[in-house]
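In the two complexes below, chain A is the common chain; its partner is chain B in one and chain C in the other.
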Partner chain A sequence: MIKKCEFNNIAFLSRIYVNEQEVNKYITDLNKMVTAVNILQEVNTDNVIPTTHMTSMRNIWRQDTVKSSTNSVKKILFNNAPEAENCFYKIRKVLNI
Partner chain B sequence: MLVNILILNNKINKVNNEMEKYETMIGLEVHMQINTKSKIFCECSTDFGCQPNSNTCVICTSQPGALPLLNKQAIEAVVKTGLALNCKINVASNFSRKQYFYPDLPKNYQITQFSLPLCYNGTLKFIYKDKEKIINIQRIHLEEDAGKLIHKDNYSLLDLNRAGIGLMELVTSPELHSAEESFIFLNTLKDIVEYLATSQCNMEQGQMRCDVNISIRQVNQQTLGTKVEIKNLNSISAVQDAINYEYARQIKTLTDGGKVVQETRAWDSKLNITKSTRPKENCLDYRYFTEPNLIPLNLNDTLITKLYKEIPELPYLRKQRFMVSYQLNAYDASYLTSTKLLADYYEKAVKFSKNNKIAPKLLANWIATELISKLNVSKLNIDKSPVTSENLAKLIDLIISGKISGKIAKQIFVEMYKTSIDPVTLINKMNMKQISNESIIIALCNESIKENSKAAFEFQTGKVKAIDYIVGTVMKKSKGKANPQLVVKIIKELLKNSVNKI
Partner chain C sequence: MVLKMNNIINTSIKNLYLNMNFGNVKSVDIINTYITHIKQLNLKLKAFVYLNETASIHLAEQIDKKIQNGEHIELLAGIPIGIKDNIMIQNEPMTSASKYLLNYIAPYNATVINKLKKINIICIGRTNMDEFAMGCTTETSIYQQTVNPWNFEYIPGGSSGGSAVAVSAGMVPIALGTDTGGSVRQPASFCGIVGYKPSYGLISRYGICALASSFDQIGIFAKSIQDTVSLASHLIGYDHRDPTSEKINCFKECNLSTYNRKNFIIGIPKQIMNFNIDKEILQLFNEAINKMENIGKLKIIEINVPAYKYVSALYKVIMCAEVSSNIATFDGIRYGYRSHKGFDLNDVYSYSRAESLGYEVKKRIMFGTYVLSAQNYQKYYYQAQKVRTILIEQLQDAYKKCDFIFSPAVLQMPVKLGEMLSDECDIFLIVANLAGLPGITVPYAFTKYLGLPIGMHFMGSRFSDIQLLQMAYIFEQLSGFNASKYPDIK
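== the complex of A and B ==
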């Protein structure tokens, strides 16, 4: 079961602000999900091959060729940024590590 | 004064004694940019040095709904590298998301591999202090690079050209024991990867970066000490410096009665120290899960066999073969096999040469001195050398056959470098052909003896070195073209005859 300190850590890592009134509501909701998963955990999966995707397709890839996006696309992408300097995106200062 | 020195000596001895009690355990995480034309999940160019953010698209800037398109070449490069390093291959593999917030990562997660890396359980062999050493490689996996941040006083600038370039991350077991060993490991790895051409490993361009995990423990202790991770190392020498610093710091911490704290430290290349970094997040949890937007891999035997066959002769074996086949010493062989391009150039030249006894050694000398110094000045790689391997072989053959002297060869070489013209054409054009016609040389020698009668007399009366003046004059008169051995022989004969006449 999820505890309050775990919840706060997940919220911090996900950069989601949750106010005090909401915390208990979300913990209750999340714990309902954990209960549901716990029921699934009871199924015997000894002879089941681990699956990550619901498709039998494999090796979907492309050859190594260069195709630049058009200047108009690049312009749209760039204009989406709140701030820019020369050709760089300008952002708040971050710790250099 | 004496007392002070004694105290100081005691202190030094104490530190040295303490150092002997501990051993260092070092594990490396090496990131190498994969040598592909396009990025790993989109078709943007991977060219270095372009205008910031010019190599970006909806995928590598993470626009909502944009889906990754996997580059097959990136998979092949990692598998080939793994095979060359004796790794096992996970033929069934997939990608995972590693979630964290940092502005150089626009999706807020990095696509990487988690439980099923493409390669695992490999080894890398190298020679350290004349002994063979084998380091285990735990895994090599594929992931995407992040963008580049430039930090200003009050803000940061972001360039996403690098975001999404394919990276292979190689993780070793903590089996290296010193900065020097780590240095040799990294150089050996770099040489192999460059031979495979799976990464260019250009450190100045950030194509090879390294994190170091380092801990110390008392000799004979079984468990590992507390591990410290050092980041921000972008040259092999920085890795060496950081290990030496951190080793001393950890020993001092323990001998002072403190405890080594598990943490991430950054290397400050200006101050030459490691600094504790504030933890990015209070409890790091990357919440890995399988990347749903990329279909899993199932590599077949045909592909693996094809990649295996593409692995060229690797530097260590090539060096051994050069020593045996071309009678080179270990130093020359090491130097010539240090890059594949250089070794290829040399071997091609040896094959072109008509002389297979003296030419291999002479070619090695000419490449290592004349050619490389010129290439360094013009900042050219050997594959762009204006003097082709074929033309260099021709020049060496001309020296061996006595058609030109070594001195003239150097002059011709300068012209070859400037013009890329073959040496035979240049010799005719520059009128540099060696004079081996005896009657011409006799005439020149007679003139020179007359002009240097004092030197001639000295030679005849036993001062052997005096002949050099006369030889010098002949060479000057012939503009360096007279065959020097023939000149010496003829002068000696002429002077001997004139003594007899006396």
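== the complex of A and C ==
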């Protein structure tokens, strides 16, 4: 069962801040899901190969060459950015020093 | 004979095309009729979240000029289509019905959109959906609550509820959705129309907002199997931009009249009786089996797929794991919502996601993170992948004995707005996503108790899509369902 300490770690790994008022609701719902999927433990899967995908996925290779991007493409992409300046994304500090 | 405006809505897309070519109706008239219809009905149904009026009329005028000049136009040219709000159309908003993407403008076209534009199908507007396609009621949308056109107090199903309602109510003749765990076929069943999910890999997923990548597939809504085939034949095909796209050209020629019904064997998994199926749905299901056997002269056999028991658990684990991975790209940096709270980069991620994503989305991300975490990976995710293999092998064995697996589309009738659907409502549909199989919901009847439509589901072996559509065509004729009937919306 997921307890509050483990839930806090899950929320941190998920990069989601959770209001204190919502914590218990999440824990209850997540535990219901854990209970529901525990049924999988009864299946003997010795020597079974896992299925990750339905297709035989292949890598798509391209020449390792730099292609120039047009200004119009850059404009479209950076227009979607919450904060940008001169075709650079603006972010807050990465390290807390 | 000039096609009257009020008859446009009731005409099949093939007849609309013929009427356009014979000069009985102009493409502009068709588009104007549908725009008026959408505006009127959307006040009640709330199926559309965005209408591309000006561009649609402009394209229709160009098509009319082509016809006037005697140029050839493709079968679906000038026909309006509704597009689920998680498929990219260049320079148009694409929000996946989430606050996170409310200001997002798509920088390129999805491959399916390029294919539609190539034959001049008119993308008339964007349809409502559950946030990031996570839900089965269309209630988690940031915009509005889409309602069932046959009874406004009930859900339309989801996650592609907007597309299903739009086609059911005649707001558009065809629409696209995405199907990760029945999200096309379930609302199609609840709204009384056809919902088709092709074999995984047949329609390119390039340009859709991913939910669970190993399950996601673009699907089609239409009033009839014939309309479904007309659209599918343009969308299916290899795409080098999608690494999961298949080079199998199984859809080159799909002629619905070339089937031989005596050759088709229908399998009914004995395990489906272990689920709590609504009594009236079960009664209609048995009636449908009798019709196929006695009137259709089709062979019905019982098959054994014990792993049906694990379908719901399998789906929960793998879908949430893939959600957790896919939604990690929504970090508030390159596009989408950014919170102004906090001090450092980690705060940007965590507050942006907390403030812009809905409860259901966050819950699935966290459960996916849980099953992928170091201490739980083997127990849940790896085990689920192995059980998925067992399910696929059992299905492969079943398809050695039968051509299609037949079941009710859903376990229960639509619920009232705000009420919860059963956790296992879409269980028979999810099997197709887990195994990459083609599935199709065909409307069957209106229930006596609620007066709402309900559909039946056929699932074929991998890449048996043509045969599946032929089977669905047979069933469409056997069912006696009046597909030309539209809900009375006042």
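Basically, the second predicted complex is superposed on the first by the 75 of 97 C-alpha atoms of A that agree within 3 Å, B and C clash if a C-alpha of one lies under 4 Å from a C-alpha of the other, contacts with A are read in each partner's own complex, and residues count from 1 in each chain.
As a working rule, a contact is a pair of C-beta atoms (placed from the backbone, for glycine too) under 8 Å apart; a residue touches a chain by one contact, two chains touch by 3 or more.
Remember, predicted model here, so these are calculated numbers, not experimental data.
**Student:** Between chain B (first) and chain C (second), which, if any, makes contact with A:Pro82: first, second, both or neither?
**Tutor:** In the superposition, A:Pro82 contacts chain C only.
**Student:** Does the superposition put A:Gln63 against chain B (first), chain C (second), both, or neither?
**Tutor:** first
**Student:** Tell me which touches more residues of chain A here: chain C or chain B.
**Tutor:** C
**Student:** Now for A:Lys93: first (chain B), second (chain C), both, or neither, which partner does it touch?
**Tutor:** both
**Student:** Once the shared chain is lined up, is A:Thr45 touching chain B (first), chain C (second), both, or neither of them?
**Tutor:** The second partner, chain C, only.
**Student:** Applying the touch criterion given at the start, work out whether A:Tyr17 contacts chain B, chain C, both or neither, answering first, second, both or neither.
**Tutor:** Touch partner of A:Tyr17: chain C, not chain B.
**Student:** Under the contact rule defined above, give the chain A residues that sit at the interface with chain B and also at the interface with chain C.
**Tutor:** The overlap between the chain B and chain C interfaces on chain A comprises residues 10, 13-15, 52-53, 55, 57-60, 73, 77, 89, 91-96.
**Student:** Would you pull the chain A residues touching chain C in the complex into a rising list?
**Tutor:** Touching chain C: residues 2, 10-11, 13-18, 22, 26, 29-30, 33-34, 36-41, 43, 45, 48-55, 57-60, 73, 76-77, 79-83, 89, 91-96 of chain A.
**Student:** Write out the stretch or stretches of chain B touching chain A in their complex.
**Tutor:** Touch residues, chain B against chain A: 36-38, 43-45, 51-58, 61, 63, 69-75, 94, 99-103, 149-160, 231-232, 264, 266, 277-278, 280-283, 285, 287, 290, 292, 294-299.
**Student:** Flag every residue of chain A that touches chain B in the complex, lowest number first.
**Tutor:** Chain A residues touching chain B: 9-10, 12-15, 52-53, 55, 57-69, 73-74, 77-78, 85-97.
**Student:** Over in the complex, which chain C residues touch chain A? Could you list them?
**Tutor:** 91, 103-105, 107, 200-201, 214, 240, 243-244, 246, 309-310, 312-314, 316-317, 320, 324, 328, 331-338, 342-351, 353-354, 357, 359, 362-363, 365-367, 369-371, 373, 379-380, 382-390, 392, 423, 435-436, 462
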